[in-house]
Every structure is written in C-alpha cells, then in structure tokens.
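I have a structure here, written as structure tokens, and I will follow up with some questions on it.
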C-alpha cells in the first residue's frame, strides 16, 4: 500500500482527489470484520502480520481473520487454540498445522500464504529454546512454532534446570550456535541467569506458572528474571511463549 | 536449674515447701530487668543463650542484659550494633569483640563467659558462608560471627554469583568440606539453587535487600529461594544473617 | 563414576582418548529420556537420588524415570501422585508403596532399589513431624514418607496448635528426642515459633494453604514463619512437605 | 443538647420556629473551627469525646480543639505528639500530662475537663496490655494512656513473646484478672493467639511495625493476627495503640 | 478439673502419687481422638467450648468430636457445614439444628449439652448484626448462630449499606440497644465506620469476599475496615462470621 | 415524596401528627422487601433509580424488586444476569430486554416504567464506548445498555487497541462528537491515555480482566489507567461496565 | 493552526508545497524546548493547555515552558511547586499566583494569558471539593486551584468524614448545588460512597496517602473507592488533586 | 585464554602438567581482588567485559577493578556513580568520561582499553532511546552511555509520551532507522506499546520509578509493559537503563 508521502505526491500531481486522499490517510489498511478491526498494515510497519490470540474467540471469528490474511498474501498464526477449536480449523484449513503441546495453529509462514512449511526468509536466524523442566514444554513449543512461522530455525533443549547444572554445561557448545535464545522456567526462574552468563547472544526469558505456593502463579519466576544479574536477559509476560518466540525470531533473522 | 520432675520429687520428699515449688514452677529462670524479661532458661531448652537484637535498644539496656548473662556463666552476643553503640560497649566490656561490617558485638562464646576467643564445643562443625556479590558481605559477616560465637568454624567465599558461574565451580571442593552452608544473595537469589545442586549438606539461604526496582527490597530473592528446585534449601528472613548463622552452626555442631 | 581428576589422570596416562575425555567431562551421568534429562549423578553430589514431582507428568514418563533409577541401584520416590496415577503405578511396580493422604509413591529406599521397607542408612536420624491442625495432615504425610524413604525414623504429632497450648506441652519430652523437627501449620503459622522456643534441634517450618480470606493461600503463615522470633526456625515453600522432610532427614541422618 | 424528638415536640408546641428547628436538625453539635469541624456530639452518640490525631497538626490547631472541648466539659487527648509539640502544649496547658514513650498528651479524663488524674467512671474496667518485645512499648503506652484517660485501670506486661513461652505462663493469673486485654506484637504476631488460648476475656491484637525484611512494615504480624486460631482475637491497624486502648477500655468499662 | 495448685497440694499431702501428679500436670483435659486432640479444658480457660471448623472434615470425625463434647456436659457447634454433611449430622443428632444460609450445625448451647434452644446464661447480652447488602447474609447468619449458641440474643438488620444512607439512620434507635454490634460488609467496607460513628458499643467488623475486580476477594473491605476513622471498630478475618459472633457474644454477655 | 422541610411545615401547621412526622423523617422511601431494603428515594437524591446487581440473587428476589420499582413509576435494570436467570425474567416481564453479551436485563428506562425503548430524557447525551480488543466487548455492552437505559445515545467502537494505532486515528472525528467517552481495555490498559490525548470530553476508563500472567486479573490495566498521563481520565473498578456507563450517561445527559 | 484537511486543500490548490505539507502534517504544534517537547496543540484537541508537573523540574525549564505558553495566548499552571521554586517563579512572573498549601503556581487562566484572576469561560461550572479530614487539605487545594484556573467556581468543605456523619448532612443542600464534586479522603476512603449516595452529580474521588500501617500509603483508600457501592463515583490516582480538579472542571464547564 | 579443549590437547601432548591442567580448568580467568572475584573470562563467553555496579562500592574497590580490566586489554564502565565518586575516579583515570545525568563513568570502550572515544566494533549498530517524559532522562542516559561504550551509535528522543501522540508520530521516520530501540517510561508505561506498533525492530522497554501513588515505585509501568499488546516488546527491571542499553547494543551490533 502507498505511504503517506506517495499519497501526497499523487494528490499534488492531481492523480487522486482530495476526498480519496483523506480517506486513504485516515483509514489505511484496516479490514473491518465487524467486532474485529484487522490490522493489514502490520507487515509494512512491523515486518510480520498480526497474530491471533485464540482464547475466547469463536472459530468463525478466527476463520474470518485467517481468510482475510491469506487473501492479502501472508500466512496466519493463532495461539492458545484448544483441541476442539483445532479440529474445526483443520477441517476449514486442511493445509494448516496444529501443534497440540504448544496449542498453536499456523498456515504457511509469516511472509507466504502458501501452506508449504518452508519460509522464504533469505537469512533465517537460529533460535535455541531451553527449558528448566518438562512441565515448561507447552510454553517452549508455543515459542518454537511462532519463530518457525516467522522463518527462523528452532530447536528445543528441555529439562536442564539449575538443580542438575551439568545438564546445561553439556549442551553449551550447541547453545552457543544460536543467534537468539529463549529460556523458559518456572519456580525460582534461575535458569536465564545461568544461561546468560555463558553466552554472547540475547536471552529472552519467559517465566512460567509452573510451581505452587510461593511461586504465586509465576510471579516469583518473573521477579527473579527481572532481577537477573546477567546483563543480556530481557523478560516477557508469564507463559508468553508467543512473545518470546516472536522477539527471538525478529532478532535472529536480522543478523545477516 | 532443676526440672519440674526434680522439683516435684523434692516437694514429695518434703525438701521444699509448696510455696517454693509453685514459685519455681511458675517463674523459672526469667531475669526481670524492667522492660526486659531475660530468658535465662534458653541454654537448657534450646542449647544456646538468648541473643540481643540491638536495633533501637539503649546501651544501658544491652549492658544490663550482658552483665546478667555473663553472671549466669554464658557468653553474650548482640546484632545490629552501630558504631556509636559499639564504642560505648567496647568501653564497658573491653574483652568484647566488635565486627564492623556484620555489626555484631560478642563476648566469650555461647557456652563460656570468659572472653577467650576459642569455644569449648567438643566437636565444632564447619560452616561455609557464600555470597553472590560483594554488597552481600554485611549479612555474611553477621552469619559468620554468630556461628563462631556458637563454636563453629566458619569461612566466607564472596562474590561467586551465577553470572560468572566458573567462580563457584572453582571453589566446590572447598565448599564440600562444610557440614552446613549459608548462601547469601540478593537480586534474583539464584545462587542457593546452584550451590544446592552441587552439595550433600543442608543449605540455609538468606535473601538480601541488595538490588533495586523489582527486587522489592529483597522479596524477589526471597520468593526465588522459597521456590528453589534444589531439595536441600531452606530459607530465613531477608537480611537475617544472624538466623542463618545460628541454624547452620546448630546443624554443623550436631554432626558428631 | 570417575571424577574429573581421575579422567584427567587417565588422559595424561594415555588410557583414554581425548575425544572420550571431552565426552565424559561434558556429558557425565545424565540419562536422556527424551523430554526428561534424568540426573543420575545426584546421589554422588547431593547424597540422595532425584525425586519426581508427579503433578502433570504422565504415568509413562514416571515409569521411564523409575525404571532407569532402579537400574542404577537406587530407590525411587514421586510426590503429588493422585489416585489414578497411583493405581497404574501400583500395577507397574507391585513392590511400590502408595501413601494416599500424603499422595506419595515410593519404591525401596534412597540408597537401595530393593523394595524392602528398611533402609540401610547406618545411623538413621529421628524426625518428629508436628501439625497445628488435622487439615495439615497431607503435608505432614508427604514429609514423613520422604524422610522414611531417605532412611530416617519419623512420627507425626497432629493437632497441637497454639489455641490449646497444653496439647504441645504434653508432648515436649517426646519431641525433644528428635534430631530434626518439621512443623506444619496454616492460618497464622505460629506453631513453629512455639516449638522452636522449647527445643534444641533445628525446626523446618512448612506453611500450608489451610485457611481462608486473609490467609492468602498460605502467604500469611509463610510470612509469620519467616519472621519467627525463634532462632532455630527455617522455612520452605507453602505445602512443601517433600522439601521439609528431605531437609529434616538430611540433617538428622548426619548427626552421628 | 436536645434530641430530634425533643426538637420536634418543641416545634409542634410552637416553642421554637421552623427555621430554628431546621437549623438545629441540620447543624447540631459541630464546632466550626475553620479547617476543623469538631464533633461535640460524639460523647452523646459514642460515649467518649473525639480524640486528636496529632501528626501533621499545628499546635495552634490542637490548642483550638482542646480549648473548645474543655469548655464543653470533657477532657482532651491527643496522640502522636512529638517532643516539640509536647513542650508547647505543656506551656499552654500546664495541667496536661505528656507520656513521652507513647507520645500522648492528655488533660483531665474523657468525662471530666478538670485535670485531676482520677476519672469519675463509676465502674472502671481493668485492661491488661501485653507486649511481645521491648520495642513494642511505644504502642503499648499509647494504648495504656488512652484507656486510662477513658477511666480504665491499666497495666503493662512487657517482653513475654513466644520464644520464651514460660514468661507468659508465669503471668497468667495476673492476666486473667483483666476485663479486656490488649496484645501488642510485631514480627510474626503469634502472641495474641497464645494469650487468647489461655483467657476468657476479649483480646484486641495490635500488630506493630517492629521487624525487618519479610515483616513488611507490620503486614506479616497483621495477617498472622487476622488468621489467629484463637476465637477471641480481633485486630486493629498496625501500630494503632490508640484504637486498641479505646476499644479495650470501652469493653472493660461496660462490664458492671 | 483440679488446678495445678490443687494438684500440688494433694501431692504434698500424699493424696496422689508423684506419677499421677506429673501425668495430670502434663496431660490435662485433652481427649485424644486419633488425628484430633480435642481441647476439653477450653471452657475452664476461655469460657466456651471448642468450635469445629467443618470444611474438609469427615462426618465421622465431627461425630466423634460432638459425642465427646456432649459427654463432657457442654453443647457443640460446627461451622462451614455443607448440605450433605448436614443431612448426615441431622440423622446422627436429631436434636441438632442446621442453619442452611449460615451453614452452621449446633446442639444445645455452649454451656448445656441438652438440646433445648434456650441457654442458661444468666445475663444474656444483645448482639445486633448489620449487613451492607443481601449477599452478605451467609456471614451474618454464621455470626448470629454462633452468638445464640453462646447464649446471646441476636437479630439481623440486612441491606442498609452506605449508598442509601437513610436506611441505616432509620434503624439507629434499635441498633443502640445492642451491647455489641457485628457489621458485615464487602466491596469498600465503609459501613462499620458509619455505624461506629453513631453508637457507643464496640463494633466487630467482618469484611466479606462479596465484590469483584479490585475487591481482591475481600482484601479491599478488610483494609478499609482496618483504617476505619471510627475509634470503636475492630476487625476479624474475611468471611469470619463465626469469630465476629463469638467475640460479640463474649463482650455482650459480660456486661452485667 | 415530601422533603424534610415540607414535613416540618406540615407539622408546624398541624397538618400531620408528631408521630407521623417522626416516622416519615426516619423511614422515608425505603421498601422493606425482607432481606432487601429497596431505596425508592434514589431517583430524588441521585437522579436515577437503584440498579440490581444480579449475581447470586434469586429470580424471585429480582422479581420482587422489579415489581416494586415499576409500581413507583420508574424502569428497572439488572446487571450480571446469566442465561438461566434471563429466561425466567423474560417470562415474568415480557416487555423486558435481555442483552446476552453484556448480560443485562432492562425494562423501560430510568425515568419511565413503560417498556417503550425510547427514554423521555429531554436532552440525551452522546456516549462513545471504545474497546481495545474484541474480548473486551461484554464489558462494553454492559456500559452501553446501562447508558441507554438512562436515556443516552450510545455506540461501540471495538478493537482499536494501541498495537495498530491507525485504527483509532481513523475514528477520531466520530469519537469527538461524544459528550462522554468510555474506554474499555485489558492487558496494559494503554488505550485510555491515547484516547484522552485526542479529545476534549471526559474519559471513563474501565480495566478488564482480559489477559494472563502479569495482567493479575486486570490489576495491571487498573494501575496503568490510574497512572494515565492524560489529564481527563478517571477510572472505575475492573470489569465495571455498569459503573462506567452510568457515569458517562450522567455526565453526557447534563450537558445541555 | 490549520487542520490536516485544510492543509490538504491548500496542497491540492497549490498554495503550499509538498515539503511544507509533509512538514506541517508531521510536526504540527510542538514546541521543541530541548528536553521538553511542549504540546501546543493541546487546547485544540483537549480544550485546555498542558499543565506542568513541577516535581524534579528546574525553574529554568518551567520558565521556558511558561513563556512559550503565554506567547501562544493561553495561561500556565504548574503543580507540585515547592517554596523555593515558588520564590523564583514569583520573581520571574510577578503576575503569577502561588498557593502554598496546594503547592500550585498559576498565571492567568487556561484560556487567557493575561494574569487577571477571572476566566472568560462563558458558562463556568460549580465544583465542590469535600475532604474527610484536615490533613487532606493540600490535595483539596491542588484540585481547587486547577479547577479555578480552568474557569470553574470552586469551594472547599473540609473535615466532614464519616466518623461524625452529621457534619456532612449539615452541608448537603450546599453540596447539591455543584455541577461536579471532588471528594478527597485517606484512611478507609469511605466518604465518596456516602457523598455519592446523596447527590445527583458525578463524584471524582481522590484517595490520599493520609494514614499509617494498613493504609499502605493510600492503597487502602484507593481500593475502597474503586469498590464504592455508589454508582456515580470514579477514581483518580492517590494524591492526584490536579487530575480530580481538572476532570471536575471539564465536566462542570460542559453543563450549559 | 585457552579453551578447555585446547588445554586438554596440551595435556594429551604432554605440553602442560596435570596439576597445571587442573588449575587452569578449575580457576580460569578469575582475578581474585579480595572481596571481588573479577570475571575476566566474560568477554570470551559473553562478548563484552563485566560492568561495575557502583552503588555502595568504595572508590578503592572500583579502582582495583578498573586497573585489572585495563591491564587485560578491555575498557571499563561503572554505573550508579555519584558526583563524589566521579570526582575521585576522574582524578585517578583522567582519560575517563563521567556522564552526570546518567551517572556513568567509562574508560575506552568495551573492546579497547585505550581511552579514545571511538570503538573498533566493525559494524556498529544504531540504537534509538526514546523517553515518555523529561524526568525519564537519567535512565535514558545510562542506557545511551552503556550502548556507546559497547560500540553502538545512539541518540535520545525525549518527552514524546502518549498524552501528546503527534510528538512521537513526528519522529517515526527517524526512529525506523534504528536497529534496536530502548523505550523509557514511568507512570502507566504505555509508550513501548505505541512505539512497538509502529516499528519492525525489537523494543527493550524500561519502566522508571517516575510517578507517585499508584505508580508503586515503577511497578505499574513494569506491569503495563509486560502486558504490552505489541509483540516486539521485552522488558527489563525498573530504572535498569544499563541493562536496556546493553541488550539493545548487543542486538544492534549483531545485525551485519
């Protein structure tokens, strides 16, 4: 779509009318789908399309959004999709892929509506996703699916929390090949600090609601990560695997 | 002092009067020092004398407590003693020892009023005190002085936080000789988990108020430590070096 | 398994190749069970094997971990096992023991895979487990089962909270025979302070989520215990019967 | 002052005008002192006059309030009066009494402006005020002064916290003579539960801001007291010695 | 039961043996019901028997407690009894009374096991129970049943919250006849302050978990009540109708 | 109903008796419906009738309130009405209107019991209701229905949150025609600040419980809105669509 | 300044160049004062100029802002100005007015730079500002000064909190003449609910940090106000007198 | 320094002794400066040297660290340096640079001890630092100095908060040239969401403690940023300008 500068040039050149100009400036690139105002301008501004948060949304609403996005030439991704929603979406979009642990549903990739699995990002980055325990895996898979949909290469290293520290040390060489790292941990949230102290890549820390009592639904891990003594650790919301994967892929894909 | 059983035997044997018996049972072993009810029975019940929390107490009050304790044959210890209090106490008790970083003042040892530095505990335990950063040192010294006063052998390993993990690994052999371990850390409080995962001794974790913002005055470290994934980590109050040293010495001294 | 020093000696002596050396140093003693990285080195480092947190784990996963642990010659313990998981595990491991109140499943003991109930710890410690009310019993049983699996002798003293203070006083002689004490309490969490003031052994306090309103799911009890005026009280997470039992057994077993 | 019923009778009898009636109904018994609307009707409604919270008030404002109260035939009491305010007030009201630990200034008693120390309450109640530690004394004195000003007989039992439980037991006979009991405690706030379990009188618990770290400025003690397992414990705000003394005196004075 | 003084006199007089003396001193008045240590000494110490908190207790446990209490000559009361528990208890104790809104089950009265409804308290007090809204009624009924069981006369004034302030004013004359007042309110918890400003009796405020969002499950009301500007307001735990009724009855019954 | 002034004039004129006068003054305008004290004076004092909070109320109770309100000549509104309650109410009040997304049931309008949809407010104000996302719609509809019942004209602009900022900009001209604006947002709650910075009308911000993790059930949005850097933003409780609609209509209707 | 529509018309008509057009669209109405980007467009968008938050700003910075605002034809207002800042500002702007209790400095009025005190708002609204206690006055004065500067007529009714409820009732007739009401209260924050239940105007509630202990620096009052059972109460930040005055004046000035 | 692999090769080749090998493996690259264990291995592992947190450290300690770092060939940076510390450090290190607003002291650059201002990073990234208000500037400068020391090109865009949204829009073209963006904001913390919605680069959000009342010392902004609806926003601790600058530079410098 044309930028405001291009529109103004067209207006000055008499190529478009004043009414058209004002309409374009004021209402660019939003698809009015009733209760949803779909932001079709997102790829131009932010590099990647809008992602659908599936919780509490009807399949009909998700379908409408997906169809409109595919029409505009980009792929589609929804998170927090439960099994029932997934069944219906799979029937509607046979080329879509449902990841049951991470509860994501994706079609094509961020820059291609065609449902082939490989992205056309020219310089895909490498994103390592590390978890402290096995119960952190759903969040890790959400991150992984998101980053893959954006064109990054991802892999998961699970259950290497600090209580058995040699488990992480044994994987360090592999971890150091990543362009960006996601660390997923609940309870005391100490793993990002330890990872951060061993690597030269940015670490996106995701606290999880794994734990009980004083874990306060993930707040303890969140606070721990925010206070990390490692300088290269930034934090996203509790259980926000999507956001961590998004940021890691954005960082990793920029590297070349 | 006689136990309730011994008193009842004396009463039954006519060795003491009923009035005396009731008086002994009801008011045993408390020294009434005006606003202070000094618990002189503590060594019999708990193994070690009462320790004075110095903050907000006048030197006159502390002096009264100390003199009464020394009379009863045990040493004395006060924590949170500032420089001004220390000057006055040193004049009053020349044999006393002031530790300015940990802000403790002690005379003799827990089981000996005589101001010689060596305790008569027959099997002194070994207590390692580990800190994440240099700003955690005041709390570490408070723990160390307390444990020494109780007869334990202590040493401090400072500034081995998780952001430079090899610093801890380099000291592990030494740490493993301890009978009990105190770990002092602020910010995210991750160090106790890492220490706990490497040793077979109990770890007493002390969160400190070191940090800013989301450290919430030490609450972040406290929550992190309570959620530690290491099984051998128990926690005491924020900045409670005294309690950590006390518990570690009690555990370590029991070992033989 | 060989230590790093032994491996280096073998390397220097030409007994093992460089590749083998590096492999051994980097990946020692972890059993890769897919999503689980089982820490088989734990007994050597920490004295006792890893314990499984059962909540949210499939029976298949738990089975894989148990079999691998038994193969390595140690017993197995899982906590937070519900009735359905227990039924399946009992079928798979007929020698296992399920404790339905504490919701633990254990096989053999920490140092013996053989499912005989008695441990071979040479100097088993004594652990008293005290509760304020009857609703605290599940946490108490979790602590008791854990400590027994580690070789300690345990017993439970229930419903002796501070509102009827003579109930505790009547049991003091018995409590004083313990090498370590676990105190389990919800609501205001005052019992550990009162126990602590009567004994010479370390007290591990466990706040429980028993209560309503301002109990804040156990936070009130947790804060109360952290602020205990008794010097010999350390605290673990809310409802963390496992950790309290683990620490108490570790302390008690060290005594001789 | 006349009640609304009396006023309506006078109106119906033609003894007062409609305007006067409406004025009386709408603006009874408030002394307009500029920024202060002094509630002179309080003794009729609530039994005792308004008490001045001194923090942040100028001596001039306090003087105006005091003079107006004394004119109306009742005594005066101000809390949170610092030494400087006290000096000026003592000069203005030589018959007044300043209590420097509790920081209260009082003249006469609640029902008598005359500055004799004895109240004319016909059946003064007995209020025992108990503290866990010596640092709780300022709050205890504020409670004591308030209750005495209201005509109750009070006495303070200091430093009998739960870590030395025999100290409280030794004073139980004395405590049981009270008509109402105030218990003042910081840190874990366990003392009210223990007192409550031994007596048949209502216990007003006052948490204090004594403590550090996880005491959270008194919140830990407040939560503990709210969750007290003793049935006869109600709670007032942190450091609210005034309110505890007021309630205890009101309860105790009602007994006959 | 004999006091410790009486026992000592008997011992000194040779009327009881030393063993018997020690047994009596150490284990007085506790009925060992397995997991329950029933405090039979409570009426002597605190004036009223122990009350059973029914939530999570089996009917069998409650039955055992009830039977033992009735045997000892006092009535019984259990709170938080759901419909299913009530059905079974009614079958076991036909003379018992179930109050379905307040969810209480009571037999006889605090000082009489006989299931007649009238208590033998010589000077029953009057307890008014006031609610802000209709949804506060369950807590009000729990308070009312408790106070009645203790011998007090009670009545409920419902739905007179501050948004329609004339509703309270219309009932003031009636409220002023009470010896103690319970005020039950959720949301902002403002009603106790307004009641307190109109009466000369102690007000026990009960915050309720009524509300949503920033009511934080009753914490907003709790904080509001603790900060009440009325001097005669003390607070109990959220939804603690039992404790409010208990305290109000204890206060009201003392008045003569 | 007559004011207190009119009543006093009637009393002075001998037109009503003293008893009648006192009765009228003390109990004006409250309908005693058992547990409900319906405030019929509300329209005179506050301009609009009382609104029923439906959660936890029986249909019978709501019916009684509705019938009494309709009798007094005003309409009726209930919020938080679930589908089952709605079915029964629709049968009882066929002229009533149920809005299933906002879960409101209304009859007539605030100033007219007749169930015609149009209000007789002479100068209806305009209220724009803006949401950040589609999941905020239930709260928006509750606000809209409330304001319409009060006679205001309302419209909803959905899904224009700050992540796609041009969506809001495109609707600004339309938004600027409103007399008062309601902004509904969860998560970070940033939309009210952005709306506030573009308009000259008051903004009532409603945080919603939409979000997860650190949204803390809407507290994050609530805090964000309270700290809004826009000067024209006031806040109501989390999910309080009713209150926002009420206030916006009250403000908007006053404008002429 | 020209709107974007006017600019586009000029561009289409060839009256301005494309560069000029883009510059105007992109950078309209911001005065670049170095670290400050002064929003000169605010009066057009929001009806009133930007107000300066004085805390932490140098007098030089404030002077620069003031001079630029006065040049543009509007008045100026700064809040949180301490005595030292005020002295310097008074010297720089002799026509300015400093209010020392509310700590505001204002010149002219929102729509007139001329320093005459009377505003030219054609239909000034009436704003009543009510406080619970005298210590709430600084916040009340900040609100009053802000509203006056915006052209509203204001008056303060102080010290009419709920503990002496007749004080408010006596002022109701006067309060009912207001077009918008600001209620300022600390501690339990109950006053807005009581005011709201008596009036037909919108109430802007301001919690203050007055209180201690469980007032939590104003959080208790804030929560209370958010949960107000009165429908016409909206809330602003703790101590935010400025924002309350701003909103009340905006609402009141709209009425005609 | 040699890697563990290189050391093992040397050992296998007989080039170093076993003792030397073990010493190197265990204590690599830590400079023991007494209480400080300086991590000299950090550049190899993490890409940049350790940075000194100056608060509470003596100038002597900082000097020791700086000298050791400069010897090892890298530059030095300390944050939270007050004016007094800065004066002494400037005397000791004349080539150092003190930034008084951000309170940082730096010598050379991260990869060059030589105190020339230009870094030798081959592909320096571009980091834009944006603030909501002028009081956020200290945090912005800390971020800027840190990133420059690491070799990035930085610039600050101040005072473009959401209340005047055109101020940000006017700078968007410039902002879009950045490789990574730091957004600094207090109060409601809405700016990162708005920036994030306009750009394709990662946004590191820094909440600041700017604000009062419900800002809770920056917690409100922190929670707002964690809940950001923009996908490309990660968060660091309150006031953690250093960490934001560090991460942004690390990301930006990786791009080529």
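By letter and in written order, the chains are A, B, C, D, E, F, G and H; residue numbering begins at 1 in each of them.
Note that a contact is a pair of C-beta atoms (placed from the backbone, for glycine too) under 8 Å apart; a residue touches a chain by one contact, two chains touch by 3 or more.
Computed from a prediction, not measured in an experiment: that's the story for all the values here.
Counting steps between touching chains, the shortest path from chain C to chain H takes 1.
Across B-H and A-G, it is B-H that has more C-beta pairs touching.
The rotation that brings the Cα trace of chain A onto that of chain E spans 180°, given to the nearest 5. Taking the CA centroid of chain C as reference, the farthest chain centroid is that of G.
Counting the residue numbers used at the interface between chain A and chain F, under half appear in both copies, so the two copies meet with largely different residues. Chain F and chain H have centres, each the mean of its CA atoms, that are 50 Å apart.
Spacing of chain B relative to chain G, judged by their CA centroids, is 55 angstrom.
Remark: chain B and chain D have CA centroids separated by 39 Å (rounded to whole angstrom). Residue positions of chain C with contacts to 2 or more other chains are 163-164, 196-198, 213-215, 219, 222, 226-227, 231, 237.
Taken pair by pair, the chains that touch are A-B, A-C, A-F, A-G, A-H, B-C, B-D, B-E, B-H, C-D, C-E, C-H, D-E, D-F, D-G, E-F, E-G, F-G, F-H, G-H. Listing the residues of chain G that touch chain F in their complex gives 45-48, 51, 179, 196-202, 204, 222, 226-227, 231-237, 242-243, 246-247, 250-251, 254-256. Residue ranges of chain C in contact with chain D, taken from their complex: 132-133, 161-165, 186-190, 193-194, 196-198, 211, 213-216, 219-221, 223-231.
Across the interface of their complex, chain D is touched by residues 4-5, 8-9, 11-12, 18, 21-22, 25 of chain F.
The residues of chain A lying in touch with chain C in their complex are 134-135, 137, 158-160, 163-164, 166-167, 169-170, 212-215.
Of all residues in chain G, those touching chain H in their complex are 26-30, 35-37, 39, 41-42, 50, 55-57, 61, 207, 209, 217-219, 222, 237-240.
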